[in-house]
Amino acid sequence: MLILMKLDATRRQIDDVKTRVSELGFTPHEIPGAQRMAIGITGNKAKVTPDHFLTLPGVTDVISVSKPFKLVGRDFKPDDTVVDVGGVTFGGTEIQIIAGPCSVESREQIMEAADVVRASGARLLRGGAFKPRSSPYAFQGLKLEGLEYLKEAAERTGLKVVTEVKDTETLDAVAEYSDLLQIGARNMYNFSLLERVGDSGKPVLLKRGFSSTVEELLMAAEYIVSRGNYNVILCERGIRTFETATRNTLDLNAVPVLKKLSHLPVIVDPSHGTGAWDLVPPMSMAALAAGADGLMLEVHAHPERALSDGYQSLAPDTYRSLMLRVKKLEPVLGRTIMVN
Amino acid sequence: MLILMKLDATRRQIDDVKTRVSELGFTPHEIPGAQRMAIGITGNKAKVTPDHFLTLPGVTDVISVSKPFKLVGRDFKPDDTVVDVGGVTFGGTEIQIIAGPCSVESREQIMEAADVVRASGARLLRGGAFKPRSSPYAFQGLKLEGLEYLKEAAERTGLKVVTEVKDTETLDAVAEYSDLLQIGARNMYNFSLLERVGDSGKPVLLKRGFSSTVEELLMAAEYIVSRGNYNVILCERGIRTFETATRNTLDLNAVPVLKKLSHLPVIVDPSHGTGAWDLVPPMSMAALAAGADGLMLEVHAHPERALSDGYQSLAPDTYRSLMLRVKKLEPVLGRTIMVN
Amino acid sequence: MLILMKLDATRRQIDDVKTRVSELGFTPHEIPGAQRMAIGITGNKAKVTPDHFLTLPGVTDVISVSKPFKLVGRDFKPDDTVVDVGGVTFGGTEIQIIAGPCSVESREQIMEAADVVRASGARLLRGGAFKPRSSPYAFQGLKLEGLEYLKEAAERTGLKVVTEVKDTETLDAVAEYSDLLQIGARNMYNFSLLERVGDSGKPVLLKRGFSSTVEELLMAAEYIVSRGNYNVILCERGIRTFETATRNTLDLNAVPVLKKLSHLPVIVDPSHGTGAWDLVPPMSMAALAAGADGLMLEVHAHPERALSDGYQSLAPDTYRSLMLRVKKLEPVLGRTIMVN
Amino acid sequence: MLILMKLDATRRQIDDVKTRVSELGFTPHEIPGAQRMAIGITGNKAKVTPDHFLTLPGVTDVISVSKPFKLVGRDFKPDDTVVDVGGVTFGGTEIQIIAGPCSVESREQIMEAADVVRASGARLLRGGAFKPRSSPYAFQGLKLEGLEYLKEAAERTGLKVVTEVKDTETLDAVAEYSDLLQIGARNMYNFSLLERVGDSGKPVLLKRGFSSTVEELLMAAEYIVSRGNYNVILCERGIRTFETATRNTLDLNAVPVLKKLSHLPVIVDPSHGTGAWDLVPPMSMAALAAGADGLMLEVHAHPERALSDGYQSLAPDTYRSLMLRVKKLEPVLGRTIMVN
């Protein structure tokens, strides 16, 4: 941390700042400048914040220089983490596809969807049972009944189950029926829930909040990992910007940035990220080319009848043809992808 | 809702769209244009979304024309709602001040803060006991002990208590010790928590998420009100933008916009909204001039020693002088404010 | 400037960085830390940028600590600058109102508008003659003819003229007909134009770009001032955010921030800032309460017939009643405002 | 365009709106709804805006339904436009690489850079001679001298020249020395300049403003094309968001969106888009996978000595290895790319 004094700071003010630094258990270092004095602080132990110094007389600015995350950082663990979800691995040489409808709508619907996604390479089936919705009047999911259908469909087709955990109340039920617990974008700052899924020890798919910085996403992952659960997969799913041509702005820059800062696997959800089915294939290709370890796709056997997110769902044939194009990336990426 | 057909949509496609509209229980209306056909839909019952039509052949766009919120809207209830918090009313002619430290740090600290804020006009005492923090390693609050100190300080000074509800697990405890339940910005999309505070029947202070639209804030309020609890006060506290000169961008436009769209009281938190104590006085004046029903201020007897948010906290004398300036606004606003 | 070395930077890398710093004419200062080395640089002369060091081996980050602007900064000139526009002063004790239509549409229209705004306190008449429009097919203004009408209307009513300079080609003509040259938001980065208005010596009204930081606005002002022209008035007019409830998000935080960083006068344009006439009165009051030195308002004698921006224009009676409310702020602000 | 009446609009108000529509030369269509009346307008001729109706009594909202651009739209011209720059074509089957330093710094530097980029596939050489800089004190380019060096370097290596046009004053000089005129992000709203490059007839590389929507970029292109110059190449180069981990947020979604809406070629600049050299390779691969027709890359023979943008410039070996990876995309994309 670096404390910047005002141009006209007095010797007395500078000494007071140094005293305060020492009182907090750190070491101050004077850095005399041509125009102004700066004071470097060493021995940072994550307990000191700029607020401790900004209010002192003569101080004009305080600059943090170290990253706030630790366990999820590449500094801490240089080699890639591989997360195992019931035998399906994320972060290794294989690219993984998670696919399925936005919501479980009926037993028939999810069965049909499972067949469709299984036929073209997905190893995990997605489907929402407990749905967080902006409107209290919108369809909130089939809940426990949905979990049962989802699990049945997955078992029949040999797929693993991914579904969203909406709150701590339903965490145990969701954990019982699923292989990978999804924390949705709106819950990325729900620290109590993060702690609980950390305690559960189950693999977690952590989606970036739609207005969260990459650093905040990593801090949310730190919440989970700090409870001893390293099985965390990060997911970019689009951020909120001024642009209205797409529902969200899928931020593919986050893929190489996350890979640089962290050892955790990173996947991309171009369905929510763009909000339009015809943008999903190009952005899926782009996500993998940028270095993503996998994709999460909304696929519906009959998008025009979907109860939610129909417009961003791929129809079976579009999904199939996308998978065939993705397969072609293998030699470019030096990775493998299973497409039946 | 208006469905826009492509320039080259066929008669058959138009008829198919109309059939689909009818199947869903609505009435289609053809609107022939010079260039293209549009189809208006009437009988909206909040169950139809653009996704139902965007995937149909020949459709190029679907435009929603009605607001998604109902009970919190001025269309539904034209007169202002006045929320009573233990005899202190929000939304009436009196302007209310909520003040206190970011966190309850010790019994002595909150006692001293209560005296300071009581002396210059606040009717409610704020202070965090269960703190949602970005880092798992940051100070998480004194929890139950903090609630006890907060309540004791409030009772001694005759103030009402406002404190944040972090999760459903601690809701009952927080509800027991406080008069006004605060939902923080990071929990605005925590729908399970919104439902629970709705069920509690207690007055709720709902802060806008830092990347939430005004419409989303109203939908979060709709979650609470739809459980029968109309005692909701909305709070603007700054949004996330590209600008880095302030911690957040306090969006005062939200005040008249919310007042136009909704009947609920609106207050402003310039401390979080700007993140800098010296910006709090001018933005407090501006908030009230824009029509806010009150302010929520961070005040600390010794900002330089605060464990969190010290830089945005007002020292006692700055707070006092702000209150004296606020008092002068009475004839301009035609409202009253109590400053001892 | 502070150069941050990697955790595992070698002694050799550190020395290489120091050598490079010295080669560039600066002095390096080692700041040993518990975890990593930092190197402070003194003697900053605005010619060194982070890019000079970021590419060196062992360097992980470079942090700038000094402001890039000089002449417009309060550090350089602590007392407020008062800009004189033909006897009307901005930045002194008097609050100034600029008012008029978006565009000059006809001789009659601008004459009528001049009478309206003159009657309730404006000292300057605005009106666009050369209009920068997003669409090449939109009304581009009456050009020279518009300037003539504008000047005639102003002279008849004793108002000063403010109008936008669209490009260097038309600068001389605009300068001849106006008292205050307006640089529009879209031209804030048009450095060639900034230099030319700097050379002109005429008072300049510099509007903030809709996605410009406060620092960038000050750098644009620095372009003008560095040509010897200190007669610059800054104008906040709304920024682009994710919020769609208002056309732009009027950023009133910019007012106290600019006042803190710079000595130049600051006014606010709530008409463009909100895009809706009914939001203009509350945001005008808020702007002045936040410390603005004046307002720029769109007023049209018949908003429903305006060729552009009619929805954000005040009708005569709304304008009049706003001015009467503004007048009441005098004792609160300790400033005067002329309302006839 | 659709005019939405208030819930309580009177018959008289509805008729008045219809009369106004007719007066403007359009045809009104009543669309009765369960709750409210809407009025559709046909015969749109780009001269009517929502402002014409928003101020009428009883009107609550006005919704535009047609795109504001025409000549650049796919509706107008369904097949892809191929732009020929001295024999190098953009928008056809061949992917094109533009590469070179941010600025021309010296004759030796640009000669060396030209050799580097020529050796690994670039067909066009970039380099700034007239530089728009945020600070009046920053290096502004070598100007005419720079143009001469640039042209000499290009001719010697058989490359075509791309360089930025900063203003109308220097347009003729720049046009004389270059094959492709670059309009920088900060000039995207400089309509006078757009008109002039439109008149020039020379191929234009139009960069998206860093806070411009895709629609605004297309409107800027419309300015050029409406002067009869169809030789326009669009360039995505990163937008301004809340994220600070990258200098800008490269918005690859814009690639498929622009391809859907327009027939013009689209390239991507990942150097400015990310601001970090190590993010350029993954984002280059992603850009092409998303469907871009080419890349614009900053390459410097010695990035650590660059006068500007060194940190985002590729060193020769990184550039070479990126080109070899790009080459592998040929079978995936079904396109060709020349890498020597």
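Which chain is which? They are A, B, C and D, in the order written, and residues in each are numbered from 1.
Methods note: contacts are C-beta pairs under 8 Å (C-beta built on N, C-alpha and C of every residue); 3 or more make two chains touch, one makes a residue touch a chain.
Predicted model only: the values in this text are computed from it and were never measured.
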Farthest chain (mean CA position) relative to chain D: B
Result of counting contacting C-beta pairs for A-B and A-C, higher pair: A-B
Rounded Å distance, chain A centre to chain D centre (Cα mean): 30
Computed distance of Cα centres, chain B from chain A, in Å: 26
Centre-of-Cα separation between chain C and chain A, whole angstrom: 38
Chain D, residues touching no fewer than two other chains: 211, 240-242, 244
Of all residues in chain A, those that touch chain C in their complex: 2, 4, 7, 29, 31-36, 38, 40, 42-44, 61, 63, 65-66, 75, 211, 240-242, 244
Residue ranges of chain C in contact with chain D within the complex: 20, 46-47, 49-52, 54-56, 68, 132-138, 166-169, 186-187, 189-193, 195, 210-211, 216, 219, 222-223, 226, 240, 277, 303-304, 306, 308-312
Residues of chain A that touch chain D when the two form their complex: 211, 213-215, 239, 241-246, 249-257, 260, 273-274, 278-279, 282-283, 285-291, 325, 328-329, 331-332
